[in-house]
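The structure is given below, and queries will be raised subsequently.
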């Protein structure tokens, strides 16, 4: 996959690959929403962010600071109104058109007319992947949904729906995985379990993950780096590297080492922090 | 409001009030969902639970264990298929019909065709309350939504929508407040801030609150009691009283006292705990 | 209504359009003959003879002007109606063929395709008349009777001498016309009728109406151009400039008389033979729910005595 | 179900009473008992003329639904095509078909074709309008989901827009069904020697109002049955109904 | 907008070419230029007969929409009332109005009334069916929200069901608009000395096909304009359109 950095750019001109380039790179990226009544909301301004290939990066920041917006820009669901975003030498659109992005949305977005099993495989199928039945079942098992494969979304609790949405994106096995508060609706036990699962899956495939969360400990546990955004409009206020070795264990979760990281993030969030 | 315990029951027969009675009392309450295809899901079985007037009780438990179901039974949005629930001597239906229940749902359920301001006051208006404009504005300020009063839900981030839903229920000022993961979509800072606000509002009015959360620390910080439910079907596995004095402060949040409570809850959730 | 005039409502069969056989009534109206007779005549345009019959039968209008067959069908259904004048003694209906067709008489239609209106008396007439034979009928809505023939889907159509024939000629289709009405088989044309109970109740108005109407027809055929103009004044949307109306009125003229004065001795006069002829044909064709008594069907009592009659 | 039957029966009783008490003449309004007697008396004619009407209605309905759904899918989410198709479609609808009757026989002859065309022409419109509205009522979130895997236009239809349009489609089919029955009458009126439409014209011309109502009764009965059949189909097929039903329990 | 105009113009050009090249006789299909010439020639008659048609259409449309929305609100969420109302409503729709036309003059006279009644009868149905479908398409969550404060039936309508039904309602109004124009023609066909329907009958009877098409053109033009007016109204009023538009930017 790292060979993809020498792939010619889509317009056929070979790009210079002399200096190692970030997998995702945002340059002075900004987005302004145009309200229906003409009023503007500046969601994001002047964001510079580089993410290396295979890196697990979390985004944290106050509610409404532009995390979802940034994720949508990377996933080509929104076009930035300022600056640029490049991913693996492509524009987000090109990467999306190559079906190399997987996304978990803030709301589960399950299709009410499809069973959980069908919801799980839908996106993979549409990306041209064939998902063997055993794989779907294994995924359901991981998510604790094995008894609900033939049920419909409205028969699931909020957390169960969100889990199904996570499974759907994981079955995609994409080069870039964008996850918007995937574990927000889960209890801590389930959350910890799925944190471990996600870490395991990520370690096996080493796909690049951009992960939005409100749980600082979740961010500290999972990430190589945590990016802290300030309140509206979103601006980068801290970029914390977490070097704890993989695979991280439950011991690490309750270690003073991680507690320190969390405290640092907490500080950055409340405005007492400094950029790393 | 405590006088309401001597109020005659709706069929005109005065109830015996000799021994002090719980405000909410669930007796062997159970609920089985009938699936469309005939399959059943046992969501809740044999639940016994008493909540005193003015008490702040949190429900925690694994995703899908029946917390939302229990809340809906108390709010008369679902009828139990076994056992009974009584609130202040009334059935949930009677209490709901007296407009004395306020509910925050797991999904924000804002009305897309109404501005945030209109969404905020809607339920209060329908309950026959007049909400002065200043009160709405003060509430928006508390929730950090003051700049968005004249915007529509789709222009808000997920967390902002959830905050609006909370404000809507708080403006109702009900006798019984049922909150289903109200702060799930919020970052920790905003969450802590709103925790404080909720504690303040609750302390002033001392309404009975049943609060579903996935954050054990949130439960430990806010509650008089935390009720732990087991996985599907939901059964009470622990009932932890928290006697820390009010108003609790940020110091308390980071105290070893609370850490101990959280650890106990964690134990109960993972199955190592005991009933209090 | 003007002071001194009595309102009297008359329903016309407006399916599909203002008809040239109304000319006398319109002239009587426009030139003030009705007003002079103390009447304020209001015309209403209904979509079909059956409608005219029913609205007179139900008492909604005082007098109707419609084809004799529809009138008889109504009477056979028990409507309390009586014919008071046979405005057009002869029937305009007949068989229309493309010019030079091998159908020369009604006897030649056997096995040929003839297009006609659904459930109209024309197919019955066609088959019941002397020499009539049984064709292969093609049923369409009234306006399509002859367009079907134009489109080649039938060999002949039934239609009116003063309507389909000039229309077809105008569209460039030369046609021949074989009338159903003949000396051997006289068939009565459109009639004025009212509720039987009206005959004693408003006898004076009815008498005045018929007298003025007779005068109107006389006037109309004295000056056809003036009649066309009056027609246009009553129906401003009718295109009177293209000559069609004048042509149709011209065609109408011979139908206002009977070759045999014993059958129609004066304007509007009816004879039992004329009525029983049509009653027999329609009853034979299954169109009548019951067979009306010939004597009860009409009265000549209200007609102007010694009235005007066009020379044949 | 029994409520509907009760309502209908009581309406008939009321109607019968009004006619009998007020002595309304039969040619203005026949009593239901007279009408039912006519249904029995004319049963042979009714049965004979049932089949051609059903065939024309069925074929026209099928064609209309296919064209309606197809056209709606063609234009959904493509404003340009919408701008192209809409004016033409509106023209086909607002052109009064009765006025064109003579031209219809010239253009399409006098067989089954003009009837099927008229029915299809009437049917396709509500199906088209409703399906189009349904296909456009998709939420942004679901479209984003599809966009995220670069799903094809067809996949978006199949997995999102069509299921989303189902409740709209069924509302459209309800409307289409009733206009189909109207259309076949117009078609048989324009040209036909058989069918229930033909019987209507026949009994109209013989001013046999009770027999006319007998045909109308049969006709309304047919349409009502198909209407409820459609409801039954919706209950079986619609995901929305399934959810609503399971949530009521 | 200009696309629509372009499409229409090119269709006219095509039509003109076909007629001219194939020498189609005018009574089969007149060329558009001949039709436009007739629009000009018959302008007095067209103008004179415009107003009565518009009045009848407008009044009937108004009555039909009010009745349709009202009835839909009455039955929404009340299965019993639905069971009562549906069969009666279906009967009004499947009864062929052309068959009853002669009786209409007996029942309602020959003035404006029967026309307004026919238009309203046709209009109310798509409005009713669509509004009913819309009122029932509410999500459980929103109903629970209302239930939680014991909101009255009316409050549920006002704040949830009606806004939810808006996109359905507009689809219904589109259909209603076209049937309104059909209805007024049927009404004027039954009995009238004026109106565009009367002109149609008149020009039909004289096989003045170009003039007939001239009336149809005016008619289709009117309907199209009202159709787009409705679209404009929807763009202004519908919350759904507002959201969709703001999300496109």
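Letters A, B, C, D and E name the chains as they come in the text, with residue numbers starting at 1 for each one.
Going forward, contacts are C-beta pairs under 8 Å (C-beta built on N, C-alpha and C of every residue); 3 or more make two chains touch, one makes a residue touch a chain.
A quick note: this is a predicted structure, and the numbers were derived from the prediction, not measured.
S.K.: Can you tell me the least number of steps between chain C and chain E, where a step is a move to a chain it touches?
M.R.: 1
S.K.: Which chains are joined by the largest number of contacting C-beta pairs?
M.R.: D-E
S.K.: Report the inter-centroid distance (CA atoms only) between chain C and chain D in whole Å.
M.R.: So the centre of chain C lies 39 Å away from the centre of chain D.
S.K.: Rounded to a whole Å, what is the gap between the Cα centroids of chain B and chain C?
M.R.: Inter-chain centre distance comes to 85 Å.
S.K.: Using the average of all C-alpha atoms in each chain as its centre, how far is it in Å between chain D and chain E?
M.R.: Each chain's C-alpha centroid was found; their separation is 16 Å.
S.K.: Could you tell me the distance, in whole angstrom, between the mean C-alpha positions of chain B and chain D?
M.R.: The computed centroid separation for chain B versus chain D comes out at 50 Å.
S.K.: Residue numbers in chain B touching 2 or more other chains?
M.R.: 33, 35-36, 107, 152, 154-155
S.K.: For chain C, jot down the residues that touch at least 2 other chains.
M.R.: Touching at least two other chains: 50, 54, 58, 143, 147, 150.
S.K.: What parts of chain D, by residue number, touch at least two of the other chains?
M.R.: Counting only residues that touch two or more other chains, chain D contributes 28, 101-103, 106, 140, 189, 204, 209, 240, 242-243, 246-247.
S.K.: With touch defined as at the start, can you tell me which chain E residues reach chain C in the complex?
M.R.: Within the complex, chain E touches chain C at residues 25, 27, 45, 48-49, 101-103, 105-106, 109-110, 189-194, 198-199, 201-202, 204-208, 211.
S.K.: Using the touch rule from the top, collect the residues of chain B that touch chain A in their complex.
M.R.: By the definition above, chain B touches chain A via 33, 35-37, 39, 41, 60-64, 68, 106-107, 144, 150-152, 155-160, 163, 181, 184-191, 214-216, 266, 269-270.
S.K.: Using the touch rule from the top, collect the residues of chain D that touch chain E in their complex.
M.R.: 1, 3-4, 7-8, 11, 28-29, 80, 83-84, 86-88, 90-91, 93-103, 106-107, 125-126, 129-130, 132-133, 136-137, 140, 167-168, 170-171, 174-175, 178, 181-182, 185-186, 189, 197, 200, 204, 209, 212, 215-216, 219-220, 222-224, 227, 240, 243-244, 247
S.K.: Tell me, which parts of chain C touch chain E in their complex?
M.R.: By the definition above, chain C touches chain E via 14, 16-18, 44-48, 50-51, 54-55, 58, 60, 143, 147, 150, 167, 170-172, 235-239, 244.
S.K.: If you look only at chain C, which of its residues touch chain D in the complex?
M.R.: Contact set of chain C toward chain D: 50, 53-54, 57-58, 70, 73-74, 77-79, 118-120, 137-141, 143-144, 147-148, 150-151, 153, 287-289.
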